[in-house]
Each structure stands twice: as C-alpha cells, then as structure tokens.
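Below, chain A partners chain B and then partners chain C, in two separate complexes.
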Partner chain A sequence: MTNKLEVRNLSKRFTISGGPFRKARAMHAVNDVSFDLVSGRVVGVVGESGCGKSTLARLILRLIEPSNGSVKLDGSDLRAKTPAQMRALRADMQMVFQDPYSAIDPRYTIARAVMEPFEVQGRKPTGTEEEEVDKLLNMVGLNPGLASSFPHQLSGGQKQRVGIARALALRPSLLVLDEPTASLDVSVQAQIISLLEQLRDDLGLTYLFISHDLSLVRYFCDEIMVMYLGRVVEALPDTNAAARHPYTATLMDSTFAPDPKLRRIIAPLEGEVPSPFDLPPGCAFAERCPRAAAICRNETPILSTQDSHPVACHHPL
Partner chain B sequence: MTSISSAVLGLRKTAVSRAFGSWLGRIAGGFLILLVLTAIFAPWIIPFDYAKQDLMNGNAPPGWPHLLGTDQFGRDVLSRVIYGARTSLSVSATAISISVSVGMALGAAAGYFGGFFERAVMTVVDLTWSFPDILIALIFVAIIGPGLTSTTFAIAIAYLAQFTRLTRAQIVRLKGETFIEATINLGAKPSHILLKHLLPNAIAPVIVVGMLAIGDGIVLEATLGFFGLGAQPPTPSWGAMMSSGTAQLFLSPWVIIFPGVAVAVTVIAVNLFGDELIRALDIRDRIKGA
Partner chain C sequence: MLEVRDLEVAFGPIAPLSGVSFSLAKGETLGIVGESGSGKSLTAMSIMGLLPLSGGRITAGSIIFDGQELTTLAEPVYRKLRGGRLGLITQNPMTSLDPLQKIGPQVDVVAKLHLGMTSREARARTIEILGTLRIPEPKTICDRYPHQMSGGMKQRIVIAMALAADPDVLVADEPTTALDVTVQAQIIRLLDDLVKKRDLALVLITHDMSVVAQTCDKVVVMYAGRAIEHGPVEDIFHAPQHPYTQALIGCIPKGLSEDEHLTGIPGTVPTVVNYPKGCAFHPRCKAAQAICSTDRPGFVTKGQSAAACHFAGAVQ
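Moving on to the complex of A and B:
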C-alpha cells in the first residue's frame, strides 16, 4: 500500500487585479484539498461544472502553479523540482483531456502525434518507429492503418483513443483522466471506459478520474471525492457507501435509474451555486441545504481526517 | 525549421492550386508569374538599353521602334517599365519578407510569453500603426537618406505592425487549444511548443496577408520613388518614372501613363490572387480577428 500521490492543503486562488473603477477580487478555485491516492487504485472526483475539478487536475500535474499546498508523486515533492526536472518527470504522470477534438495538433498525422512523446523526451522506442506506432494504436484498439490519417478524418471516440495512446506512450504510472468521456456519445463512452479498465489491469496504472457523472464514477472508481465550490465535502471510501453530506445525497438522488418501476419524483436542488468570488463565511452549501442551521452560515465545516468516511458537514446524515 | 518549410510547402500544394481553380485566380496568378519572369529576365528581354539617352529623339510617341514611346531624354519607356518591374518587385518583396519575418518573431514572442514583454511590444507596434504607412516610411528615409536600401527598410518598418499583430492574435488563440496543454504535459520545452505547434499553425494567414501586402509595398515604393527618395537615376522605378513624367504630362502623357498602368495592374493582380488564396485556405475569419 504505497501512496502514488499525496496531496496536502492544495489551494488555488485566482486574483483579478483592481483598477481605478473596480476593486480587486479573489476566486478560490480549489480550496484546501488533501487526499492520498494509493498505487493501483482509481479515485474519482465528482462535482458540478465550475466546482474546481479540472483546476485540481492541473494543479496536481503542476500545469498551473498552486497558491498553497503540496503535491508528492512517489514521495517526492513536485513543487521543489526545477523546470527541467519537472519536464522529465512528466513522462510518469500523464493526462487524458476532456475535448478530444482539439487534443491533437490538426497538422499532425496520427503516427506523428503518438510518437511526439518520444521526440519531446528525447527517447527512442524499443523497436522501430513503425512498430511502436502499431503497438500503441493496437493497445488502444485502433486500426494501425489509421497511422497516416489526420485528426479531422477521425471520429471523436477514435481521437480520444489517440489521446490515450499519446498519454501512455511513455508508460506513465499515473493517469489523470479529466472527463475523458464527457464529449462522446454514450455508446462510445462505454467503449472508452472499458478500454481504460483493461489498460489499468494490463499496465498497472493508477487513475485519478474526474467527472460530473456520479453513476459513471460509482461504476468505475474505488473511492470517490465529492467537490463543491473548490472544497472536498465528502470522501466516500467505497462506491456503495451511503452519502453523509446532504449535497452528495442530492447528487445521488438526481441520477436516473433506467427502470420504469423505479420511477420517482426527483427533488431538484433549489437555488444557484453561489459565486466563487468573495465567498461568505460558513458552509458554501448552506444556502441550498435543507439541513442548514445557524452554525452552517458562520463556521466553515472541516473535512475530518481521522474518520474512515470523512465529511465536511455540521449536520451529516 | 523543417516543419515551417513543410507548412509553406503544404500551403503551396493544396491552397495555391485551389486558388488557381477559379478563372479570376488563374488570370491574376498567371499575370503575376509572367511579371516575375519578366523582372528576372529583364536584361535579356528589353529591346533597348534602359539608360541610353537619345536626346534627338526625346518625347517620341508610342510607335516603332519605341513601342511605348520615349521620355524627355529619349530613353525607351517599354525597356524602363520592364526594368522598373525589377526594382518595384524586388524592393517590395524584400521589404515584406523582412517585415513578415521580424513581425512573426515579435508577435510570436509577445503572444507566447505575454506579460510585460507583450505589453511593451504591442504598445510600440500600436503606436506605429496609428500613423499612416507613408508617413513612417518618409520619416525613416529622411533619417537614413534616400536609396533602394533605405526604401526597403522603410517599407519593412511601415508594415511591421500588421504582421506582429496578426501573428500575436494567432498565437494567443492557439495557446488555448488543448493540444498545446497536452504537449506541455508531455514535457515539451517552450521552443518545441513554439516551433513545432504554434508557428506552423499560425503561418498560413500571415503568409497570405504578406502576399497581399506586397501589393501595398509596390504602391509605397512607387510613392517614395515619386518623391525622389527611392531608386536613384538612372535606375528605373515605376514611381520615379511617373515623377519625371509629370513635367510633360500634357506634351507626352505616355511617359507617366505606362508606369502608372504597370503599378495599377500589378496591385490589382496581387489583391485578386490574395483574395483567392484567402478563400482557398478558408482563413478570412482568422485574418479579420487580428
């Protein structure tokens, strides 16, 4: 049980500088996020759009600099690395992006795109380039005949497979999946998910899986973190755990079951997500929470760390 | 460097052949090819020595043997117009090449690195853009003195702003694309991102606008030549020829008409062909976005 990833108090504040006619404002995109990712496990991050999931992914990969906190990969602190060390280290931590349509340079052939990781890292594949291209395309279930095609000749699902092949070319141990299926058809989604499952088993990968689709996360992941406005509000230790946070409960309640016998009235959340600028004190969910009390509006609940099922709520279910 | 040249080659293979697809593109493109060939082979084509004076035969109207007549010194106007194409095209093309290269380097660096460097570059560039091209060129020639070299640099500086702005706009747009972030995440150096992804994707509109600017450069060169600031006698240039023709505008209008027609037809052909290229590459929006 070694930790692939240790994230501590990770925060990102975006500031909009003030001028003569407006005051400076700060936005907490990610606020004090801590968790461990055990090697070989799949941790899911769920939350509404704008809750900071994608920012969290980029902070972990140090594609953007955090305002606070630390990220350790295999025990070594990423923030202490020089740019050159960081570039070399990227071979071990890769990402699959949400939008496969713009994830490949339109001027690159598929073969060139999947060989670019070797070029960038100054490495040579074990066999010839052609063998490596064939191997990578086979690995993600693509016909090697597509090697000389351009991205615009491929479907969304095929492009996402190319994106996965590019990410896996250097045999990383950690893969961050930022909504890899969000812009794909449902049938294609299922293919990509089963491909990712198979690759994890074959290559022994560790996944951080980011999605807004709770049912997909419950199917695919070992553990689930629920985010709301930049904070982790609940960490479910396994996918069958019952929700303790009212927000998680509402999320779980909002998923549709494909069975007419289970048809029921879904109580949608009332109100809007508050603006992430200048958050009021207290729990960010208080305005929409059916269980909110006076303390919720004054004191920010802290995610307990000792608990086996941590929740950041004054009145958990 | 290979990817930049392959990008340009790719442009030639597909877009130029498509630009030649319409009859307008064919006429304009054909004329330009003919003009370039004429300029290159001018010394072998011209019927008379462009500098040879024949004062007894000055201001002769078009006819035989001087098809387009002679000027006040009896020099053959046809030979001088043909030779003038050399001056006009080479000065304009050289100036625009310098302008495109420097503008792309500045614009790409400004767009990529951002921050104070970007603001400094763009402030200077916008400042030069707020003056008319001719004014900037005139100031520059006034500082370093007349001649072909200074005309070339003056034109290069006058059009620098346009290419810097256009390149910067392309780079800023491309920087937000996922494939750039994905390539950074592979561990790519900034030089790899710039040379292998950003510039090859930004180059097509800049090249096309550069091609259009060659037409403007010809006009600017002619204007500077008209003021006597460009090619010095006896080297013929279209602008200088028109300037010397003004004295006998009513006595021998052919001296001023033929170089004028040469400028007009060339610029029209450049613009028509440039428009066809923009259509063929489908980049009208990207050019307007600058």
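Moving on to the complex of A and C:
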C-alpha cells in the first residue's frame, strides 16, 4: 500500500479587495484538508455546491496555489517544484473536467485535441501520430474514424470520451475527475462510469472523483470524503459505512432510491448554508444541526486522524 | 382534471412531439420522465399554451382541462387560465423572477390579476402563502430582491407565484434540477404536501428516475418525442415492459449490492432531425428485430400499464 497522494492541511483563501465603500473580505474555499490517496483506489469527494470540492481538485493539481498546506505526489512535495518540473509532473496527474464542451478547442479536430498534451509537453508518442490517435480513441471506446471530426459533430458523451482520451494521452497514474458526468444524460453517464471502471482496471489508475451525487459516489468509489463549507466533515472508509456526521446523514436522507417501495418521509434540513464569507465560529453546520450544543457554536471540531472512520463532530451519531 | 390525448406538436415541417397521451385526477402526481430531447418540456409548454411563443403549434390531438378543450382555446381565455387555474413552475428560478422587482409585488400581481384582489388583500395572501411554504419572515422577504436569496428560496418564491391564484393543475418542469440535493428534498417535500393538502393535480417533469420513484403515482416514460410506456409507478419500476424503461432503470446506481454493475445504453439519444424510422429506440435496443426498424409499434396493454414495443414484456 503506497500513497499516490498525501494532502496535508491544505487551505485556500480567496480575498475580495475592498474599495472606498467596502471592506476587503476573505473566504475560506478549502480549509485545513488532509487525506491520503492510496495507489489504485478511488476516493470520492462529495458535497453540495460551494463546499469547495472543485477548488480542492485544482489545489491538488496545483492549478491554483494553496494559501497553506502541502500536496505530495508519490512522496515528493509539489510546493518545492519549479514551473518546468511542475509541467513534467503534470504528465502523471491529469484532470477530466465537468463540461466537455468547453474543455476542447472547437477549432481542433478530435485527432489534434487528443494529441495536444504531447504538443504542450514537447513530447512525441512512441509510434506514429496516427497510431497513437487510433490507440487513444480505441481506449475510450470511440470509433477511430471520428479522428477528423470536430467537437460540434460529437454528442456530449462522445466529447467526454475525448476529454478522457486527452487526459490519458501522457499515460498518467492519477486522474482527478471533476463531475465528469454531471452534464450527461443518465444512459450516457452509465456508459462513462463503466468506461472509467474498465480503464482503472486495465491501466492501474488512481482516481479522485468529485461529485455532488451521493448514489453515484457510493457506487463508484472505495472511500468517500464529505465536504461542507470548505472542510472535510467525514471520511467514510467504505461505501456502506453508516453516517457519523449529522450532515452526512442529512445528505443520505436527501438522496432518493430509484424504487417506489423505498419511499421515505423526508424530514427536510432547516435553514440555509451560511455564507462562506461570514462563517460562524465553531462548527459551520451547527445552526442547522439537530444535535448541536453550546460547544458546537464555539469550538471547531477537528477531523480525527487516528480513527478508522474520521468525523469532525462533537456529537457524532 | 387533465387529459392529454395523442398530442402532436410541429415546428414548421418538423414534428418533435407526437403520440403523447395521459390523464390526471385531483390529488394525483404524474411523472413525465425522459432524457434530454425526449419532448418533456414541449409537453409542458403545450399544456400551458405557450408553444406559439417559440414558433410551435399543436397539429393533432387534444388537451382537456376540467372538461374544456385547450388546443382550440382563444388566447384571451387561455390567458385567464394560465397562471390562474393552471400553474407552472419552471426549471430555472433565476430566470422566472424579475431581477429588478421586489419579491412582494411579483407574487401579489398573480392574485390581483386572477382573483381580482386589491393590493392590500393580495399582499396579505402573499404573506400567507410564503408562510405555508415555510419561508422564514415572509414580511421581510417581500421587500427583498431575487439576487438577495439562495436558489432554493427563489424556487419557493416561484412556487408561491404558481400557487397564488389557487390552481387546480400545477405543471412543474424540472423544478429541482438546478438545486442541491438537500434543497431538492425540501422542495419535493413541499410539492408533496401541497398535492395532499390542496388536492392539486401535479405534472412533474423530470429526468431523474429517483425523484419519480419518490413522488409520483403514475409515470409516462418518453423517448425521442414519444411516450413509450405509461403506468402506475410500481409497475414502471418493478415490471417495466419497454426495453428502454428497463435499460433506463439499469443506468441508475442503487447502491444495494457490491457486485452491481452499470452498463449504460449504447449510442446516444437521437435529435429531432434524425429520429430513426420504426421504433425510435431500435438502434440502441438489445432486443431489436427487423420489424423494429420499419414499423412503428403500437401500445400493448398489460394491466394498468402500456408499452409501445413490438416485443413488450418479452425481454427482461
């Protein structure tokens, strides 16, 4: 068991500069996130909009600079790398984006789009370019005859396959998947998920899978991290683990089963997500939590690292 | 309360919607489910009489609302119904509200227009409705602008507008698609309560089979502009007759067992300009035979359900 990724105390603060009539404001998009990603595993990051999951993805790939904390890939610290070293390392860690429409240059043919990573890295594929394009398109289940097509001639699912082929071009070992199926129909989503499963087995990939869809994360991932307002509030060691954090429990209750026999009485979560610019002291979930006590409003609960099922809560379930 | 029969819609020479039929009684929730481009929203627009806005028209079939034929209704009469006895909730609450107007007046106008209330009466009603939708401090909210509210709160305002004239039928077109799951759960609960308490007839249009399973009594499954199966919700989920319905249910992760495997449906949803001949699903169907590519299947009835498939129920 080696760690592909070690993330320690990772934080990102965005500031909005003030003006004559406005104070400068800061928000913690990602706050003190630590975790290990074991090689060959699929770790899911789940949370609602604004919880910081996409910012976390970008921090891990160092597409944006962290305010604090460190990321180690195969044991080497990314902070210490020069831009040139970083570029070389990026061949090993790639990202698949949510929106395949905007991830591919509309003027590029599919062949050029999947070869672009080689161009950027100044590298040549092992065989000829045509062979490489064929190989990559086959790998993601696309007809190599599409090589000369343009993105607008492809369906959403086909475009996402191109997005995956691009990410795989340089044979990375780590893929960060940021909501790769959120813009697709369910029948196509299932195709893409099945493709990702097969690629993981064939190529021995490690995935960090970011999604708002708890059922999908439970199906696809080995471990699940639940985020709320920039913090990881719970790390489920396996997908059948029962929720310990009241927020995770709410998230699970809000996810319906595709079976009318399993209808549930919805007990809706009261209140609204607090503004990330103006976080309350203590636990960010306290205002909406049925179990909250005085300590929850004063002291921020810390995610225990010793525990096999870490939870950041003063009164876990 | 509402009966749609063999509805067909055309935009010039193109017919993106045909052969859609269903009926709905008071206190019932009907789900219309399908993937993008299946004609769900066009069905909603047809019921609301909003097709002319986008250049479409109803070329065949009928829509009967409380005994009244809607397809031939004159616009001034329709205008009285729309937003009155026929309520609509659209997908994107951000575009359903006027960003320049405070919440209060936007909701008030519905009761003024449709119930002939005075400003004072209308405001009292607005505050009452906002309260029943569990919006905190309804009086203060009336003086807010849409941009000062969260997505879930805005969707509740849109629901309040749809309810202000006490509708009999509510058409909700993807009411929770733009929302987070916990907010979606709140809105679904709210709609459920409204159907029960007010005896509303709700048409819930969605792409999400789990939402259908949670809320609907009856379901219409659409594919490529046609209804391909309809029936009680239990039958649709536990004994689907159409291969598309079966495959669609197989695409949703259930999380019940470790060896569950999602396969998806090969190929893509056809667009209106290249609807396949015969059964539109045949190029993606694992049970397709020669006849499926030439002859359009009629509905085969089984119990309270019916599926438009040459081999309905024969494949599992």
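The criterion applied here is as follows: the second predicted complex is superposed on the first by the 317 of 317 C-alpha atoms of A that agree within 3 Å, B and C clash if a C-alpha of one lies under 4 Å from a C-alpha of the other, contacts with A are read in each partner's own complex, and residues count from 1 in each chain.
Note that in this section contacts are C-beta pairs under 8 Å (C-beta built on N, C-alpha and C of every residue); 3 or more make two chains touch, one makes a residue touch a chain.
Predicted, not measured: the structure shown is a model, and the values here were computed from it.
Colleague: Overlaying on chain A: chain B and chain C, fit or clash?
Modeller: Fit.
Colleague: Once the structures are superposed on A, label A:Leu61 by its partner contacts, choosing first (chain B), second (chain C), both or neither.
Modeller: The answer is first: A:Leu61 touches chain B but not chain C.
Colleague: Quick one: classify A:Thr255 as touching chain B (first), chain C (second), both or neither.
Modeller: Only chain C; A:Thr255 stays clear of chain B.
Colleague: More chain A residues touched by chain B or by chain C?
Modeller: After superposition, C is the partner touching more of chain A.
Colleague: So, does A:Gly230 touch the first partner chain B, the second partner chain C, both, or neither?
Modeller: Neither: A:Gly230 stays clear of chain B and chain C.
Colleague: To the nearest 10 degrees, give me the chain B-chain A-chain C angle using C-alpha centres.
Modeller: Computed angle, apex chain A: 80 degrees.
Colleague: Just to be sure I read the superposition right, which of the two partners does A:Phe97 touch: chain B = first, chain C = second, or both, or neither?
Modeller: first
Colleague: I'd like to know which partner A:Ala88 touches here: chain B for first, chain C for second, both or neither.
Modeller: first
Colleague: In the overlay, answer first, second, both or neither for which of chain B and chain C A:Leu214 touches.
Modeller: The answer is second: A:Leu214 touches chain C but not chain B.
Colleague: Between chain B (first) and chain C (second), which, if any, makes contact with A:Glu116: first, second, both or neither?
Modeller: The answer is first: A:Glu116 touches chain B but not chain C.
Colleague: Can you report the least C-alpha distance between chain B and chain C in the superposed arrangement, rounded to whole Å?
Modeller: 21
Colleague: Where on chain A do chain B and chain C both make contact?
Modeller: none
Colleague: Enumerate the contact residues on chain A facing chain B in the complex.
Modeller: By the definition above, chain A touches chain B via 61, 63, 86-91, 94-95, 97-99, 102-107, 116-117, 119-121, 163, 166, 170.
Colleague: Could you please specify the touching residues of chain C with respect to chain A in the complex?
Modeller: Those in contact with chain A are residues 35-36, 150, 152-153, 180-186, 188-189, 192, 207, 209-211, 213-214, 216, 233-234, 237-238, 247-255, 260-266, 268-269.
Colleague: Which positions of chain A touch chain C when the two form their complex?
Modeller: Result: residues 48-49, 155-158, 185-194, 212-216, 218-220, 239, 250-251, 253-264, 266, 268-269, 272-273 of chain A touch chain C.
Colleague: Give the list of chain B residues in touch with chain A in this complex.
Modeller: Touching chain A: residues 7, 10, 177-179, 181-189, 192, 197, 200-201 of chain B.
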